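Order as written gives the chain letters A, B, C, D and E; numbering starts at 1 within each chain.
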């Protein structure tokens, strides 16, 4: 038979309309929120993929975020459940699709769908079924997808800013983008290419698949071409292999990695010294320890038990727009999938509690208007809990400032 | 030599309570009444209760298992029947999956597509291309034995992985992948829900019908001259040669047929799953198929089906552990949470199972049957 | 001791010519210039010490070994260089010194395998089963049932041969060879390890095969009683070379044969 | 030339890991004709054990603390191998080898998962004192850890070979693998033979795993390296200890050289062709020698 | 003395093969065990040498004692250690090892005298010396039989259990094997000899047992067995008057045993 669609909640006149993923019974953890329960799915890299060290804190932060929302009265009396439908994608698009099929008939939307290529595998289906989803990724494709509620800048702009920064700081002549295949790495590489051209640098892109034993080609490329600057878009473990091995063979150029390439564990790895010597990290927002109200709320909610990690920061930031959209949908009295999507399209501003520039959070239409262009740069730092400290706060480089989006970067 | 059912007409097969009145009757696939009844009952159940009584999520899983079963039957043909242990099954599954994906893919996308979505076309093509690949590889098998062959076929998987990762226009590349084959029959998308049936129901019924066809064909094959020749090649190849069975020919045939099955299975499997990523066609996939064959019972078609369903369903079943055993956390990331326990349980099941009954699920069935036959005597 | 068969039975038109065949393995000369002929209805025996090269001759005949030199003409066809399954199709069948049955298969399946090249349908018909495959299976099954009757295997038909007593297995192997409808039958130590009763049974079958089915045979055996009683002609060999070929009584009396093979005592004499 | 020598140095270092792993596989194969898929798990478990032991032992001046941890870790995994052989493998003696192989796979799944839980999310340093530092010999930069690996491996191989030479075990192992019943009838305690082989293979895997983890740390995917030993053992011949060593170093060298030169000479082979180059070499060898370079040919005679 | 009392053996938990067998092998003697194929002779030897386990067999009743010490619960290696060695039926050699390696495996429990024993075996079977470096599996059938026999002698066993040692051997070699058995017996090895070649076995044994269907049906000094009418007819192939019958005559009748149930 058909899937048991949990819909049909909330009878009575003037009631909120619902279909899939919202029940009339309250959530099991929030019996006090009696209007009903909103089920949101989570598909993340939880056990063995390259981003597990990031994904686990992302998921944890989101759990805490929604707990906090529920404590504060939920979404106008509805509880939000993000723990019942949590699935592991191993950062593999095939698995991602498989587990998505498993849960899609049970949830209103996705509180997290981690990864760009993985989410790309289900994006068609998300669109067909109006399933509003929060990505855990920053590819520029999301600016063109209605159902995707992205936050912060994208890899494309992030890399432009990184190169502009490097040009200003150490005047490189050659740039190499070492990147994963797919919408993550290719997006960053596309941005790097634009910035390299604009700055008159030679540019080369080297694709490398995930997996420690797949890095030989990339290592050789870096060691034989010896670029002045490498824009790295991989996972942390592979980054350690590439940075460590190239350094061990005498590479002395600079690396700037996009934010998911970093993980505090790297400092303790054998490649730690190499990272300290060669590596900088770019990022879409300030690191865990920053001083905005949002950061503070996050740290308070997480409690003292956790060691800092920017997975938490990311998971936290990404959740704001969905909260806003749900609120708007309930206010519109339409919590159906379509209703939620309609609410998203009405969202022109999201309160990120200062974690993002005030203009952020415009989902009403034009990609160029919605996109956030600010990024920051950090460097490895043993003293900081996240292993990095900011060297250059939010800025927009000249390349990023003028860049016009008419399609995702990697498609041009 | 020409009399067929006259003179030695009635013979009693040892151990069977039935009388046969002709060789033809004796040679039937289901040559006893209980067998006939059991199979009819199973098919009815599978065709009625399952698709209309179970939720879509389970149908999806069943469809996956049924498609895998076709592949498992294929592996059983080359490994269980013809004795050539192949760890290269994933490679042939991949060839099938990509042939079908490319044929049925939408033209003009990032990956190759010809837009031929009519299912019989891409299914047959997938089988044929994989079968031809099998025939090309087979001559190696005639030179190698046992684990040497197994590891060489494993090499095939690694080489295949490399090619599939590099050939991005076909596969979409590692970590990205492409849309699987598009199952369409007479203008109907089978993987999309319609007015009458959901996508999962349709895909389930499709895989069920195809599995029955493939299983009956396989059963016919193994009880024929060809099946006997496979067994001969497996058990004693010099003796087989001396009595007139060309060892090379039948090894090649076994590889070809097995790969044909694998190709069709790969295509179907990914039509069900929806997305193909080149890294999936790895050693683990091959080994899972070997496990299906062994757990089901090498050298039995029904065993392969049981094994395939078992191996595909087990991970999902272990996910239900927290509902049965409340002390297990359902938190995916907890060290001893359901996700981890499910994997441990999966490993333990395989171990315990094969220790307890190395002949597999089929062996358990035989035991049960013998027990009731011999009951109440021991010896 | 009975009289050897009369000359008339043996040397007409030979079915097999084995001509100056040489085969060696890294220095061991297993077959070293052996020549002999087997007549169209003859029961020809080869005897010789262990390692003399008897089995090697069989292996050359059935194509398992390729001789370095020499000619083997069977029914007008030169066999050297032909693969075993082609030779089998020409009508050469054999049993093995160590039983080489397919022990997981039933007696019937083993016998049906003997019919392999008489069954013509291919894989496509096999898949479909109904029609050609079924027809041929039934027809050949009838032939196999005749052999079951002939060798008195009725009670074992549906057993996997691995479970059968040794003597019965040897009989099944003979049956498998017969199922091939051979023009020449090679028997390698058919009664080794058998008790008297089973040996007698086997002797009976060998005689029946010759008398009723008219199949010429080459017999390798260390049971001198059997060889001397049944064979038309005997070739004794040592170290890959023939010592003497002749009637059983001639060979038995040969000094060289006694020295190399039979020893002083006659094996079938008993001192009470 | 420098590039070439550098590639050779790296290849030999990495090759020693493959050689140790291959030896483990071969020892088990030699005694029971089974390729044990549990080796990857033992490798992971070994590295993990060493990483836990190395921390407290690092009080002992640096390399010695690490070596002590290595020895203890190897012994620990040897015991683990012994225990698993006794409880899980022994009941299967005499069953089809492929069934046993799949059981070893089950063992691998279980052991590896338990190890994963201990590894946690981050990459775990194994506690070696060398890191990625290297020394320059002539014009060639050689990683210190590669030198240590190579030397240790050569020592282990010498010890192992003399053990097999001067004990009855080597022959008893082969006898047991070819025919258990007959080996028993000769008075060989087949159980002891099996247990010993699993313990030895476990210890070798532990050392290999630890070596592999120097330079990059322990990650859940460390075990994949163990699969590189498969072309090595086929290359050398499944039941030849010497073959395993030669095969292991060959694979290491081939990989390293292909990684260095293929990009310039045959880029069309694809970027990470070096990863599969060992399999290509293996296939080429098998075309000529179906039992590898030194493997025992299966006897078939009718 | 090796003594078997009331032994019952079951295969696969269900197939009862030995049904209460008792038999004695006094030290220093040669004892022959005759019986039809499938009677259970090999099973009895396996039970003594501890090799039932490999075949899923099990002693369910009765006992086997060596000098009054029970051994039917010991493992094979320990039994060999006590000096009981079985030559398995049907040329169980290590096909992939060389001839000499086979012999060295035979000396596993007695490597001290490896050199002498090797010389002794090569003396007994000169062919084996010639084939020393060859892969044993390629030996001819008879040569393999010699190798199996020679291998057993490598450990100087005090009890030798021989399972059809004459199988497939040339007549001359059968005589040699017979002499050899006598010779090693004189040197102090006790022998339990299972044979289809009853003539040969009874000509050297002191005592003989006849087994049918898992039971001992006759048990007499060898001399008396040779005189027994049934034995003469069914095991020795002698007619009533002591004349050897021709196999040519087998067509005309089929013998049936009388003493069986």
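One rule holds for everything that comes next: a contact is a pair of C-beta atoms (placed from the backbone, for glycine too) under 8 Å apart; a residue touches a chain by one contact, two chains touch by 3 or more.
A quick map from chain label to UniProt name: B = Amino acid/amide ABC transporter membrane protein 2, HAAT family; C = Amino acid/amide ABC transporter ATP-binding protein 1, HAAT family; D = Amino acid/amide ABC transporter membrane protein 1, HAAT family; E = Amino acid/amide ABC transporter ATP-binding protein 2, HAAT family.
Remember, it's a predicted structure, so these values are computed and weren't measured experimentally.
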item: Co-neighbours of subunit D and subunit A - touch as defined; value: B
item: Chain-contact steps, minimal, separating subunit D from subunit B; value: 1
item: By mean Cα position, the chain sitting nearest the middle; value: B
item: Between D-E and C-E, the pair joined by more C-beta contacts; value: C-E
item: Farthest chain (mean CA position) relative to subunit D; value: C
item: Rounded Å distance between subunit B and subunit C, as computed from the means of their C-alpha atoms; value: 42
item: Cα-centroid distance, subunit C relative to subunit D, in whole angstrom; value: 50
item: Distance between chain centroids, defined by C-alpha means - subunit A, subunit B (Å); value: 39
item: Junction residues of subunit E - those touching two or more other chains; value: 138
item: Residues within subunit D bordering two or more other chains; value: 116, 271-272, 275, 298, 300, 302
item: Interface hub residues of subunit A, defined as touching at least two other chains; value: 47, 56, 207, 209
item: Residue ranges of subunit B touching subunit A (in the complex, touch as defined); value: 51-57, 60, 165, 168, 173-177, 198, 201, 273-277, 279-280, 331-333, 339-340
item: Subunit D partner contacts - residues on subunit C that touch it in the complex; value: 55, 59, 64, 96-98, 100
item: Residues of subunit B defined as touching subunit D within the complex; value: 85, 140, 143-148, 150-152, 154-155, 158-159, 161-163, 165-166, 237-239, 242, 283, 287, 290-291, 294-295, 298, 335-336, 340, 343-344, 346-351, 354-355, 358
item: Parts of subunit D lying in touch with subunit A, wherever the complex brings them together; value: 6, 116, 121-123, 125, 128, 131-134, 141, 143, 214-217, 219-222, 224-225, 228, 255, 259-260, 263, 271-272, 274-275
item: Residue numbers on subunit E that touch subunit D, as the complex places them; value: 49-51, 54-55, 75-77, 80-81, 85-86, 88, 92-97, 101, 104-106, 108-109, 111, 135-138, 151, 155
